[in-house]
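Shared between the two complexes below is chain A, which pairs with chain B and chain C, respectively.
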Partner chain A sequence: MPIHEKNLIRPENLKTHENLTIDGVNVSGHWSTFIAPRVITDYNEKIEAEISALPGGEHINRCWQCGSCTNSCTVNAVNPDFNPRYWIYLIRMGMESELLRDKDIIWQCVSCNKCTYACPRDVFPEGVMKATAHWLELQGHTPKSKSTIFDEEFTEQVVATGKIEEGRIIRNFFTKTRQPLFQEWLIEMAMRVARHMPVRLGFLMGLSTVIRPRTRGWSKARDAITDYVNEQEVKQRQALGLRENEGKTGRQHEN
Partner chain B sequence: MTNKPVLVVGGGPAGLAAAHALASVGQQTVLVEKEGRLGGAPILSGYAKLVPSGEWARDAIGAMVGRVENNPLVNVQLSASVAAFSGTPGAFRATLSNGQSVEAGAAVLCTGFTHFDSVNKPEWGFGTYPDVVTTAQVEQMISSGRGVRCPSDGRKPERVAILLCVGSRDRQIGREWCSKICCTVSSNIAMEIREELPDTHVYIYYMDIRTFGLYETKYYWRSQEEFKVKYIKSRIAEVTSDGKRLIIKGEDTLVKRPITIPFDMVVHAIGMDPNVDNKSLAATFGIGLEPHGFIGKGSSYGNLGETSRPGIFVAGAATGPETIDDSIAQAKAAAMAAFALVHQQPVQTAAA
Partner chain C sequence: MKTEYKRVAYYPGCALEGTGHAYNQSTREVGKVLGLELDEVKNWNCCGAMEVKNVDPKVQTYLSSRVMSIAANEMGAKVVMAPCNGCYHNLKKAEYDLSHDETSRQVVDRISQQAGHETYQAGQVETIHALDWIKQGVGEDELKRRVKNSLQGLKIANYYGCMYTRPRHIFPEKDQGGGSESTSKPHFMDDLLAAAGAENVDFPLKTACCGGAHVLSDSDTSTKLVLNILQAAELAGADVIATECPTCHSGLEMHQVRAEKVLGKKTHVKMMYFTQLLGVALGVSPRKLSVHENASDPLELLKSRGFA
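Right, the complex of A and B next:
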């Protein structure tokens, strides 16, 4: 007889033992494969509250699982495993292990917001996707991607000085991602730029690596932005019950 | 014009409404109630706040009781039932169990329903585990002011499961009907629990949610949006215990995985059965029952509230699961028909 619902058996639940004897019966090897139970034995009621506390997740408790978000989803059309309706349910019911199985695709939301307009109950699924990705990151379930690290470096410079300095961004990004600064393509690019660059511009670039240029009167704006960002971060970390620096890679603002 | 009294059987919301409606147009009425006090299920079973008004049952239905008890045109017979009934429209004679004989021009049956007895679904633990209770019991916990507590040890439940369709939509136990109000009542109870115990999580396990009409906003949506009540599409297979807490078993249909979740309290959203007396009522009054065992109704289009026997009318949950508001409306319609008959002004039917 064929195995019905075979799709419900997950590879990680198949247990095969090299050498196992139970009550004198040898149950080793492929022919004695066990399947771990699929039973859900508890709800984690914190998750819904935590994701509700992050920007975008506020209305998650409205969802009644109609599936309009998934049906309208741009990414779902390409990747059927990308299912906002399902994740919203997992979050609401606190099925953490089930949610974490999809941690590497939740961030793929492209923010087209079709779901936002399709949702009959204003759950704001696009916001929930962002909040969930943020939650996964804050909880330390997903490492920061290189592009996130690049964005952070970029943002930090703008916040600190009101300007960006390309050379510094590349240097810091490469240092933070532990990539060698002297890469063939980079050297080639720098040489070609240098060959065609007006002397004055080259001088200014060199100078700005030594003396950091700032937007005039920036310090007030910097302090306001820094205060707001810190305030939000503290609030969100508190909502998740995280300590000051738990699960977080250090983010240092220069001066 | 015979102008004999109208016999109203049953002192719940429908019976009280019929008696009051008849008295308000100067019609003598005899109200027969088998229990020792008026009010019907909302009073006798100690309901808390009613759907959809939000008024306490003792205030809302209590006021209906008061205006009937104090009305000189209504002759209230408590702890009495109709033992025998004979005659023709305009000239009926009823003999009550207390020996009294009543001349009646017409009769309105407002005999209501009986709460489903959860012991008929033993797999859901009622009668086995003290912390498995019914919606009626939770109503009593709230209306008595004691609050929602686990009967076993009086603790505040941290997690409550409400199981819908207990005694409804279940062919296994011969109850195919939807009891109509349990979804809404359960949403209401869930909100009341969350209001009293904000740290308590409430889960509702459903097959379908039928908070019909305007109840959608006030109960289904509000319970989710304001009170964070959780709804899970799953019909629970059984309720057991690990010795400390109750364990519910079922399938979470959206995740396609079995669940065995611990709970402190399980609430059965019990349905509305036909009144246990319906068979004897049918025999006494010579009327027919519909296939589920409720009192059969005639056509609704010409004359609301007719039974299979001319001169005997019916209203409210006697005819099938019904809301209090609609029971009252039907009772007034039946009272109108009875009044017309007593005054020999037959209401024209649509067919005529």
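Right, the complex of A and C next:
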């Protein structure tokens, strides 16, 4: 496997001039390449406190940058830019613009908990990744990721009925993320499953799309959970200094 | 042997009523043959799976605690058995949170009271996996005596996935030496299948991740991770990957198809729940174990090797 090369100087900061003379010295061409000065002026000191206020991010302050999380990371092995250690560093330093360079991949954490297993300081990096992805969405830096849409669809169903019905979640998820349900591999999968499916099971699965499985006497639990979730949402929005409808996730529970 | 595992409260969970139907069926069949009794948890609810915690972890703790509360307070059970890794993990996590975190206790108490049932108190029940149930409720010696159809010659890669061993702090009974389960090199499934006569191959990705959390929301990553697992199993010489989690199992099967259709990488290894393999060894018919429901179609393999 090739070693991942990371250029410390980003290509856009390398400046070469075709025709430039400074103080009578010709500095044109490749041999006189300049590096644009790197001055960080946009520290956002609030980031660490804001991410700490979101579920999962509570223990980010314990990190001592050993890198065990990145070293053990499942996603890092697929995409070397996925670097939890570095993001924790940026968050604690308040280097917002650097963090935002990776805003579109942070949500890809697969929650395998290898980092949490390896972490010697109990930072719970898996939780920090979720809190960071949540923070990016609440602050409006990224739209809701597919993962968040899936989580919310799932949670809505559990809160509403106490149970889930897989087919319904998949259909709603594909509709909400505007993906076609009829993709070649999905059709193939459905056919392989249907090929040997007993009639009775097929009937029951069809029935459960009409009569949703539910836990009996769930309505009180549903209301209690909804109250709690709404309260937490208000607290989190206050901690992030958001106004009434800014970055609103719009969680609504169906009956 | 633990006699308290002979009769346990059974928490199948949502997946085992849907895509993991075969796991439910085969778990019940194997229990019947081995004389292990199951009392299904009455009117159970979803444990929160891998999704609810991303909306709010304390809600997940409540959902899992309600299941344990019913088992303990309404059924008088001492042991809850969950075959699904997700359910097992979440019940263990709730147990840990409720015994270590005051805020979790307060939130669970508040929601439980409003929902009108008794609050679960840490320590009321012990949560175990189907692997613990068979390994410690019956044991390899007894299992060997009952094998009618030895799996001799069948090469198996045992795949445990993430949630059975990580993070380790929620599994205080593991890594205790003396034959207890290991979080870095789990062996309970290997032990049981070896007792059933199968040959376990040296499989390095036992606890690798299949990308189950993003099986649909980030399919490309999941396909890469699954393909890695399938290819490693084939390289190790496995005919079958034994699974013990419905999410891993359907993830492996789905992305085996997707890898073939989207990336053009075809793999031939079959996926079977470990309970299906044990059932075959114990002489239960593959139909009763719902082997025909597996999308990777292991029935042909079993027939060609004379196991069915």
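Here is the rule we use: the second predicted complex is superposed on the first by the 135 of 255 C-alpha atoms of A that agree within 3 Å, B and C clash if a C-alpha of one lies under 4 Å from a C-alpha of the other, contacts with A are read in each partner's own complex, and residues count from 1 in each chain.
The definition used in the following text is that a residue touches a chain if its C-beta (ideal position, glycine included) is under 8 Å from a C-beta of that chain, and two chains touch if they have at least 3 such contacts.
Worth saying up front: this structure is predicted, and the values here are computed from it rather than measured.
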**Request:** Identify the partner contact of A:145: answer first if only chain B is touched, second if only chain C is, both if each is, neither if none is.
**Result:** second
**Asked** Is A:90 in contact with chain B, with chain C, with both, or with neither (first, second, both, neither)?
**Response** first
**Asked** A:215 contacts which: chain B (first), chain C (second), both, neither?
**Response** second
**Request:** Look at A:110 in the shared chain and tell me whether it touches chain B only, chain C only, both, or neither; answer first, second, both or neither.
**Result:** second
**Asked** Among the partners chain B and chain C, which is in contact with a greater number of residues of chain A?
**Response** C
**Asked** Which of the two partners, first being chain B and second being chain C, lies in contact with A:43: first, second, both, or neither?
**Response** first
**Request:** Examine A:180 and indicate which partner it touches, taking first as chain B and second as chain C; both and neither are also allowed.
**Result:** neither
**Complete:** Residue set of chain A touching chain B in the complex reads 8, 37-43, 45, 48, 59, 61-62, 64-65, 86, 89-90, 92-93, 95, 98, 121
**Prompt:** Which residues, counting only chain B, touch chain A once they are in their complex?
**Reply:** 201, 203, 221, 224-225, 228, 230-233, 252, 254-262
**Asked** Tell me, which parts of chain A touch chain C in their complex?
**Response** 55-56, 74-75, 78-79, 108, 110-114, 116-117, 124, 127, 130, 134, 145-152, 154-155, 158-159, 162-167, 170, 173-174, 177, 184-185, 188-189, 192-193, 196-198, 201, 205, 208, 213, 215-218, 220-221, 223-225, 227-229, 232, 251
**Request:** Would you pull the chain C residues touching chain A in the complex into a rising list?
**Result:** 14-15, 17-19, 21, 43-46, 48-59, 62-63, 66, 107, 110-111, 114-116, 162-163, 165-168, 183, 208-209, 211-214, 216-218, 221-222, 224-225, 253-254, 257-258, 260-262, 292-293, 295-297, 299
